[in-house]
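Shared chain: chain A. Partners: chain B in the first complex, chain C in the second.
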Partner chain A sequence: MRTAFRSVTGLVTALVILAGSWTPALAQEWTVGASISLTGTYAKPGKYTQEGYLLCEKDINDKGGLLGRKIRFVVYDDKSDPPTAIKLYEKLITEDKVDLVMGPYSSPVTNAASTVSEKYKKLMMASLAATTSIWERGFKYLFMTISPAEVYLEGLVDLAVERGLKTVAVINEDTLFSKAAAKGTIELAKKKGMQVVFHEAYPKGTTDFSALLIKIKSLNPDVIAAGSYFDDAVATTRQMKELDVNPKMYGVTVGGDLPEFYKLLGKTAEYVYGSSQWEKGLPYPGIKEFVTNYEKMWNREPVYHSAAAYGACQVYAEAIKRAGSLDSDKLRAELLKIKMKTIFGDYQVDERGFQVAHKMVLHQWQDAKKVTVWPAAVSEGKPLYPTPPWQRR
Partner chain B sequence: MTTVHITGSMLLQLVVSGLLAGGLYALVALGLSLIFGVMRVINVAHGTLLMLGAYTTYWLFTLTGLNPFVSLVVSMPVLFVVGVVLQRLFVHRVVEAPELSSLLLTFGISIFIANVAMLAWSADYRSVEFLTGSFLLGPIALSKPRLVSFVVALGLTGLAFLFLHRTKTGKAIRATSQHRDVAQVCGINVRRIDLITFGLGAGLAGAGGSLVSVMFAVYPEMGQVYVFKSFLVIVLGGAGNYPGAFFGGLLLGLVEGLASLFLTAQLSEVIAYVLLVIVLLVRPTGLLGGRT
Partner chain C sequence: MTARAGVLAFLLVAVAGLAVVPLFASGYHVTFIIQVFMWMALAGSWNLISGFTGYVSFGHVAFFGVGAYTGALLITKAGWHWLPAGVAGAAPAAALALVIGYPCLRLKGPYFAIAMLGLNEVVRALVSYFEGFTGGGSGLSLPPILSIAPVYYAMGGTAAAVTLLTYRIITSQFGLRLLSIREDEVAAEVMGINTARLKLYAFLLSAAFPGIVGGFYAWYASHVEPLSVFPLLTTITMIIMCLFGGKGTVFGPVLGAGLLSVFQELVWARFLFVHQAIFGALIVGVVLLIPRGILGVLQQRYQLPRSI
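After this line comes the complex of A and B, so read on.
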């Protein structure tokens, strides 16, 4: 009995040792797992995210890989559905046994998927989640890349304060991201000494903003800040013109950065400020090569989703080089320390893994072109100020 | 946060904006009311027809640069034909069936058309950037596109009334709506009247769509809001009561405008429906009574 036991343990030990020594010979590459929304509502930005990851894979491999091995992305389609992403990350980590994981597209999907990576103590580099509450759950192995919703209109507030403006009216769609954006704008404005004279949310799907705008008009604020998506941003802008509402500055969170915004509104879009996570003309290191290589590989221009995915991958690679290991705790220690500039801009996180260094940019529509006007260090031109009243345009 | 002080000019502005919106509601609801009056068919696809009208205007404007208000000349006949075809193929089967059948049928039709539109034109928001800006009358801003749309809507509603009261076909439609069987006994071809009525209702929805397209975004699901609002208008005015639809429309516009002044944008949406419940409780036949 005893001998039998001994020989079994001996065999097992031998196998384990064998298996251990075999692994490096078998696996010539590190695998990086991610689920991405390739179908469903997030398919458009999801595709850009995937393209960013795959370009990063190619660039890292062309330069000899990481810690002596090439990397390979294993990507599954989460159908824009958080529960599906949970299942996929479970599969990636337990069945495919990927070496690293990177985040999916969007806040809701990241919010769900990160519960799995956290459970298995796999470090997730989240490239496209902007909602602060995701980092308020005390997770240890989750790192953020893009600027949070709250600072989307920091540039607008900054420029307004520089020009001595005093009052701001804030409106927002009554959904997660827009609410956070409005809340952040209000706090920033108050901190910098501006007076928030009006704040009201409107339900998703609102098309008629007359009453809201008439109330704002009666208060005549210097600045109007809108926590908006695309269609409401377009509608508010049109109706401001119809109701002759004339703030000295007017900015929107999402929507204002898309070319469609100008296409739909034409001259009405002039002077409107919009915010963006990234623009391809920014003076970040390596950005030109990134844009060229991206266009060569995918036959289209990169957008901020592509750049954020690529930038997150760059940061992750840097952490691995510094740590000299794929151990989650060692990587975590590095990622908490690293301060660097990627093609996506600055990276630095606080003790929660929450992004604190990346800067949004603010642009203004001038003569049918988006001109970056904030922050000063990267701006392409001066803001046209003040916005002339509608009757004089 | 400063509180908003309600001034006379704000009130006036909202009354004006409300009436301008109401004129459009009246036009769209009239089409729905006609169909319901004559056939007792609850046409949930009314909003989808409105959407088709809006796309007609959008494409004519984008591809040929046609004035959106002139494009009514195209969108109304096109939608009239669409209405006649729908009636001939499907709706005539449920005319004398229980109202639930027509509800289900037109619901199916609307889902079908909206999804075909989404496939064909994608779910993107589009807009007809034609008239923008406003006329300023003292403190009141009169939005140019809304003002013109209002005038056109009023004109079309007037024409529809003239048609119903002055022409033989119009009188036949009203007769059928008052009593189907008696109308038939009097020698009216009710089947033909059904066809014309559905075509007319669809045409009015199409006109509404053309007018909406110069103010708001055009997309495959844009019609939904207007179906709900039209039902509200009809209940306010009295089912099958055509002048009632007109006043109901204006009233709804006014109530919506004023409510959002005193309440937040989120709450003001509720007000219209509270009004609906009250009218149903207190005066279920509508403010102007039943059919005429």
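After this line comes the complex of A and C, so read on.
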């Protein structure tokens, strides 16, 4: 009994100390609330997002803050779960009474979380949602940072058309983002006069693509475009080699830009095109400084999620400076007007808050290096074309 | 004052207290309690089939998901108000339970559990496949909700209805017969109990409520997609909550859902990366030390009536 009593007292004491360390916001700071996926499916990109936000907080504070006050991020983990994000944004806005809110990671979570910010008329700068339908709900206080899913493979289609290629096969994972990416690619290809000879979706978690690839092989398209995430992009590439499927160009949406893609595939990844929202070698203002500071702060290289989070924060800060206030309607007016270049690239939105200026880049794996090959204005090299058949690589 | 009157008075105060919460509490507390209500209703529903008859359902989230899609479709495509759309989620969920339960509840041992596990995967695959209707992998987006208080009352009402129904069952002959199936099905049959039919009735009831909860959830989350409304984890959570509180009791699921939700919320905010380990350890502890659940132990020790 006595030990039980002791352990209970110990537990209570521990809880009290923990609660005490949970300090409330100081009045002389602006607080910025966000939920981020720190655990669950999106934990990896979520962590990069958080790091981008926190570096932005540091940089803004080093330069004297905003409107005379320092800023501080209040971040909670949403477990990659949309209803949890709803609860957390309610908490941020009604309990913590944050001054500003920024978006979580991923389209499904942003879709849910923005219903809360819209309800309280809090302006949400969504840094990592790429699904067009989110901006088709008529929300007033939701702004987009990254390029929409539909244009992910614009570069691949562009380069193919330049080289006179005629046919394209499209495959995609059956999820919100990948589907939109495939749909956009098909529309772009058709608009530019290419013929879509094949389109099929596969469920999330598929590991065997041979049936799909054999069908494609029999059609022998010039281009294969894959609306993919990381695991499926790796598996499709590997199985294309095994089944000797030889398109002249082959590109993937997500996954092809991660260093792990080459690490897993080695030489098989050569010639593969991948699209990315951002690369650290791009000629954007302040990008070198951002990369150095990021590496110093977090001991790893930034990826596009970090840059998008940071860029969104930059745009938000600019709007606050111009508006001279944190009032949602004034900020909204500024954000609709602003045209600027951040370390993440161009920012400009239409009347829905939908991103229209930011450009994707396309890169190709050449000799174990990611070489940006599109658009021409920022490319580092020429694409190696055509892709030789597997036997001659 | 008798024990019974005491319990009743306590319940009245609790319900009255919860009813006025949205009037003054912050949005965060209201959304938190909505989730607790949701778990109470789900754990209570699982209790109706698995807690009473011992037939463990590993696919209960299928009914939740079907309800969510029904609600979402009725709201977006047919223009229904969310309340009737949510309640309508019960019909297809019960229909699905009839189709799967009629043959499968005749299976004994672990076969029913496995069949239910498969059912969830089948339903999820079907929902993904009929893309034109369900939106496939991208799911369906609903109009955003502007006031959460009505959802609070709807979800709370569902949780209360499940609990009340459980009380009615446990104090009826129907409930006694169900319990006899759990204790010894062959003996129950010998006594002349039509076990197959009773199990099916219990199963239909236990499927209808997750359908309603799913319908409300669709409105509350304002987006449904196969991955978010058919996760196996939801089934596991309802099982754990029910076992923790006490299976085959009236207030076991309520207690389990309430305590575990609060516990999770507190631990999760403080210990981001080990909270799942702490939660897991707690579950192992409960199963090993008090397999009858909190309420089960209390009933035994203090000789409380079975109808609690």
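Simple rule for what comes next: the second predicted complex is superposed on the first by the 367 of 393 C-alpha atoms of A that agree within 3 Å, B and C clash if a C-alpha of one lies under 4 Å from a C-alpha of the other, contacts with A are read in each partner's own complex, and residues count from 1 in each chain.
Convention: contacts are C-beta pairs under 8 Å (C-beta built on N, C-alpha and C of every residue); 3 or more make two chains touch, one makes a residue touch a chain.
All of these numbers come straight from a predicted model, not from anything done at the bench.
Contacts of A:Glu200 after superposition on the shared chain: chain B is touched, whereas chain C is not. Legend: residue contacts after superposition of the two complexes on their common chain; A:Gly266 is shown touching chain B, with no touch to chain C. Contacts of A:Asp174 after superposition: both chain B and chain C are touched.
Of the two partner chains, chain C is the only one that A:Pro108 touches; chain B does not reach it. In the superposition on chain A, A:Leu142 contacts neither chain B nor chain C. Once the two complexes are overlaid on the shared chain, A:Ala235 sits against chain B while remaining clear of chain C.
Shared-chain residue A:Lys215: touches chain B; no touch with chain C.
Overlap of the chain B and chain C contact sets on chain A: residues 174, 201, 203.
Those residues of chain C whose C-beta lies close enough to touch chain A in the complex are 26-32, 35, 125, 128, 136-139, 141, 143-146, 148, 217, 220-223, 225, 227-228, 268-270, 272-273, 276. Within the complex, the chain A residues that touch chain B are 174, 195-203, 205-212, 214-215, 218-219, 230-231, 234-235, 238-239, 241-244, 260, 264-266, 268, 390-391.
Across the interface of their complex, chain C is touched by residues 18, 38-39, 76-77, 79, 81-83, 86-87, 90-91, 93-95, 108, 111-112, 114-116, 118-119, 131, 133, 137, 139, 173-176, 178-180, 201, 203-204 of chain A.
Those residues of chain B whose C-beta lies close enough to touch chain A in the complex are 1-2, 4-5, 7, 10, 13-14, 17, 21, 124-127, 129, 132-134, 136, 141, 143-146, 216-217, 219, 225, 257, 260-261, 264-266, 268-269.
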